[in-house]
């Protein structure tokens, strides 16, 4: 009647769907830290005796060591991490263990544990993003002068430098860091003390537990404290946006490594080969980073759906918050580490990049700009004249620099031979010195600013 | 530089992101079945010697038994299930093992294995959906006469029967089964023999392997065979829609169990209590089923994103197909089992349902219909008259049946005392005998039809 | 207090959020058709007089002509298409109009209208998909012999033919058609007659209205009839999967048009140029088709979320079904039309494709296969030998065909000069004659089969 | 061949998919403001003549007035808002119009326009969220003493006050405001001057245009400036999370208005009635707000998908950024306005809420807390004793306050008659004075703090 593996009947099904210890055991450090903070507060507020408090604290330390050391037996019958820890505490210290849960509930306990876990995840990603920026900045400096084609629509548009290109990602990951930092600041409030949902009649001190757990303040409203999962949603949103950035760079690496491009090469460390085609270097890590964005979008969608339309306060639906959040965090960390590795690993083929950058009349805009600046043509007119000149060159299958001056002058009599200087790839990139532009000099100063802004000096 | 747990450097990161054995080991049965089919075909086509084929087949059987028995050592260094099995085969039977991979590639191998796994998942869900329908039909028959309020906008609209309400879900889950069946039929094609992407120069017989693996035919195009993941997307779409149905019924169970409703009760088997409030029966299983829809939407979104914009043929991104699909299947199976359990477990409080069904002028529509049928009023006019009568009754705070006939006649002179018979809850439901309507007699015949349509007699 | 444009107060807000006439006017044809079918049935069942029925039918025809002709004044105060039509009918034919709504409700009316609309959308997409397949098949035949590099990981793997590549998409769009057809068949049931939710006491004939509206049968359960939006969800799922296929082909077109690839060119009709860079052909249409997959995924997620956890029966939430569905249909139709245009428009550069197909030791697998077939080496060993030979060639920077036989024999003494014949790009594709393989002869027969399977002869 | 309405051939399809003027006309104010800032800067930097600059500025003002006044003819042939404005400018002022586009490109122009539009949307939502908070705070103060049942799992858990419940939402919307503010600060950077992608050779002053457009600074990297759509994604993420909050409150309003609850009533202004059932008040606005969360999730998923894997810099895919963003903004504004209206409109039924709050042994926790505080029992033991007492009361079908003292003392001899004082609903809420707890005194001080924190005094 139950189908397949649930043939055992209702008890087995209920346990299978209800027990969370399979995944919430990840919260053990946070759970024990929060219990210790709660216990110390109960003692200070004289809600429990100092002796009992000391026994509890010591017992919790032992349990932490047991779990850390892999010597703890998790029990599915005890459902979750909270009951697993409390039951073990009772085994070790007896009745005093029963005093720990005074003035709290599993509702504020899990809200506290999970919030602490997400805060740790935010901190881990922050460190990783900084490492990725450091890698990008270092490579950008190395390639400050390396010319490559700048694409729009994946069509060659204008030459840029590879260093400049890499710095674009430094900006993106900088915004990601900033989003994580905002999220951390917003979520760093203490739900502990909200109890089941309504607060408690005990004279607890929520500011004290807040301080002990490095929260900035207690949450203002007890109902909100046990119902809120914004911090997880916001973390996952930020992770999804970061996933977009990672997928864009990953896509570029895949393209750059492809046979028709050959702009960069990755070493064996980040590719898989084929013993049959030794020249083949499949950019597996880049492909996987690109794909991981799917997981980041999916987990966000998952939790948004779970929370949609839930009446206050705690509903069991909210137990479905953890697995997607854990998965998002793990996915993000893996993708950031792999991307940092690839950025440090890749080697650019400057010659090939230069070759493509110079093709396809990529300096046509420079010609138009020259006409505006030197001859005073309105931009739209200069644009039109350039179009004619490029057409001429294309008919003759020569680059703009090989178009005879006389022929140029037939289209626009004011053109002088000075124009040719503006039409090289190097002249083009060097000319783009407007703030934020691609000129190598700009890239170098941008590298300096990026170090100050993102790497603390 | 790598941040956190990737401090070990590139090799560790690459292994962490690249190896799939952690999850694709779930494919071991399918992998071995496909290898055996391939091997038998190679022998028949004289591509490998019968002796080698026999050694391979026997070796694969032994490996299957080892994995089934938990005696197989999976190796992350060997990356995936295919290489784990092949390496073990080489250990056992030596050089002949090297002949198995003739005329195939990991690309068609994984496409075959995964397709077989999804087909099995479809079959498991089909069985479960049928069990859920059986449970609903049985309860519908039991409650064919039980009156409850029919809601629109969660406002009492008209009385219906609880049996009729449960049969609405039989229709939904029937469509789900039909979707899974369509998906199964569409996806039941053999990718094996596409090799890496282009087919193979060996004289293989793809119809033979198709038959051996119970596929209906070989896939038509080798590039499509290794690039296609439609079957997983379609399965996940069907699972997401089924998740909508499950979430709707789960929401209703949560509402029905709530204090203000109290329409149904669940036993201890599907609720969690509170030792402090013994009357409390938290419908945890229903809440979790409701929430699981989030996971089903999220995993679908995840794989849609992965596949978006992937050029042909195989890209490593596609390795990200398995975890979301496994997760969707597991989530669906768990939710179906739990829902079936709840449907069998719940007890309706017919008295409470009847009480709410009769309140709030729920038979006002019956009054309007009486005016149309008996007095020949146009519906819109009857509607208007009914509005006046209900207002009168509401002012007096009495039900329609307690409104004096004389007063009714002041509004509409044609009304006779026969009208009162039409205004009871029982009359209302009994009158709704149009095809598909809620009358108990209809419900009983609908139960009979449902048994024939869905439970095969 | 209301912020911004809602400063006018509650009435304006309520009207803004509640009225649907702004979008549901798209249903006018379906609404009038359903009303005519309902009216004819009421007459036949003698629920209304034949004379009234005739007046109603005539009035509805006039209104249809008015709307078709742009002469109908839609009123927001009348909220939706149903009330707009009914109010106009009352203006034209007086009291008889009030009899049309007998034995139905807006709940079954909108369910019927919307279902008819989605059915029409399914039919439009079916026609378009067939046109796209026809275009692909025609081009596949044209390019049956044109060699191009087959990629895995966007790395050159083995040579394939462009015709074969295009046929892979014929399979994908074939599955899309099949999904739409299944959806159509499953959803082609008549909700009309479910009335508000419970059925009706009138002796209606739902089979008659079903037949008139070309539905296969009445829906079985009245509660389900007014609550079900599966048909929209399933349509949107199928559209999302089709969007994946479109995005993959669009991505390939963008890549193929890029400077480093230059495999295909699109004409002015499907690109935008730049008057300044006349050689530039931005593949805007391909980029937009690729991006439209986002809209298709988003609208699906949107409606899944709306339906999640909705208790039966009709809730106003369900009014949010239409805009995403309309948007999905419009997006799909636009993308299919644009893709068909591009497929017909594109020109392949066979020379450039051949050049890339022959590079990068793309026939190494053919060498391994030769060693297996001719010398009887186990595949894994042949694989190993090939690796050595390719390494030798790569060191010397020559293709495999330029490696001296003597040097080959140092690695594997059994090799004869016959091997060289197997190593050309043409030999490679011609050899892949296994069912579904890329050999030109296969492509030609596959084209024939595709015409039969998809274009009806 | 094109299917349906695209029968006209390629030109019609390309125009249909490519032209954006149908939606990007919404950017006209931003486009003109940005052009004026750019023009003033060109004049100051002597890149164009002052006379030309003056003509351009004046011409743009006229065009703004034309569009504002509905006298502007938008042309699809001119594709987008930028070309529509520029073409009109040329009509009015002649050749000088051609100088406006100097040192910029449509790529940085649209990035600037769209960013300005999103900034305006953020500002509108901020005002609306504050208005919603003001409404909630006012109602919270009004209902500071009104007792209602606090639910977990939609089961009665402990009594709370309605004021406290409303303040939970003030916290949620406060976080939403804070997220929007962070988004605004992060995105308030100037892309103008990035030109096509690489910067420009003209001596432009990006700080000047930044200042004129109230941006905090120029964006650092030109490639990032034209490729970045983080600001839209972040806005949509914040909108989606806000949508979760709105859907939760909307769900509660629907529940509270339902027949079995009857906790609150909405007036005619926010419900739709039924002329046939005058007592019926369908909470349409609440249902629609609940459903709108789907749109907010869907539009976010849509744009995340569009941006996934896009190589730098501008791709036409990014034109698909606007419609989802416009839709998200409009949806959010409508939902916020409707919710504010409902919060101001609703009337609580204090008597009914009190009745449900007092049922179901909702003060059992107070009994346990009394045992801990007064008798010194460990919490777990007190919990156990309470369970027994509630069971006793439940057997006798009496509330806890009607359980004889003697019987209580059989379970726990230490209990005195003082316990009864702790067991009333009023005592329960008054006791919960811990910071953030539900006691009316707390609610009043929380209202004061909320005014200071969110309404600026």
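So that you can tell them apart, the chains are marked A, B, C and D in the order they are listed, and the count of residues begins at 1 in each.
Here is the rule we go by: a residue touches a chain if its C-beta (ideal position, glycine included) is under 8 Å from a C-beta of that chain, and two chains touch if they have at least 3 such contacts.
Remember, it's a predicted structure, so these values are computed and weren't measured experimentally.
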- Query: So which has more C-beta pairs touching, A-C or A-D?
  - Reply: A-D
- Item | Size of the rotation, in steps of 5 degrees, that lays the CA trace of chain C over chain D | 180
- So what's the Cα centroid distance for chain A and chain C, whole Å? 33
- Between chain A and chain D, centroid-to-centroid distance (C-alpha), Å: 23
- What positions in chain A touch 2 or more of the other chains? 151-154, 157, 254-255, 282-284, 287, 290, 293-294, 297, 301, 304-305, 308-309, 315-316, 365
- chain D touches which residues of chain B in the complex? 149, 151-157, 254-255, 257-261, 275-284, 287, 301, 304-305, 308-309, 356, 359-361, 364-365, 368, 383-384, 386-387, 390-391, 394
- Item | Complex contact set, residues of chain D against chain C | 1-6, 10-11, 13-14, 16-18, 124, 127-128, 131, 134-135, 254, 269-270, 272, 282-285, 287-295, 297-306, 315-320, 323-324, 333-338, 340-341, 344-345
- Message: If we count contacts the way the header does, which residues on chain A are in touch with chain D in the complex?
- Response: 90, 95-103, 107, 150-154, 157-160, 164-165, 167-172, 175, 178-179, 182, 186, 193-204, 206-207, 218-225, 227-228, 230, 233-234, 237-238, 240-241, 243-244, 247-248, 250-252, 255, 290, 293-294, 297, 301, 304-305, 307-316, 365-366, 369, 372-373, 378-381, 429, 431-439, 442, 446, 449-450
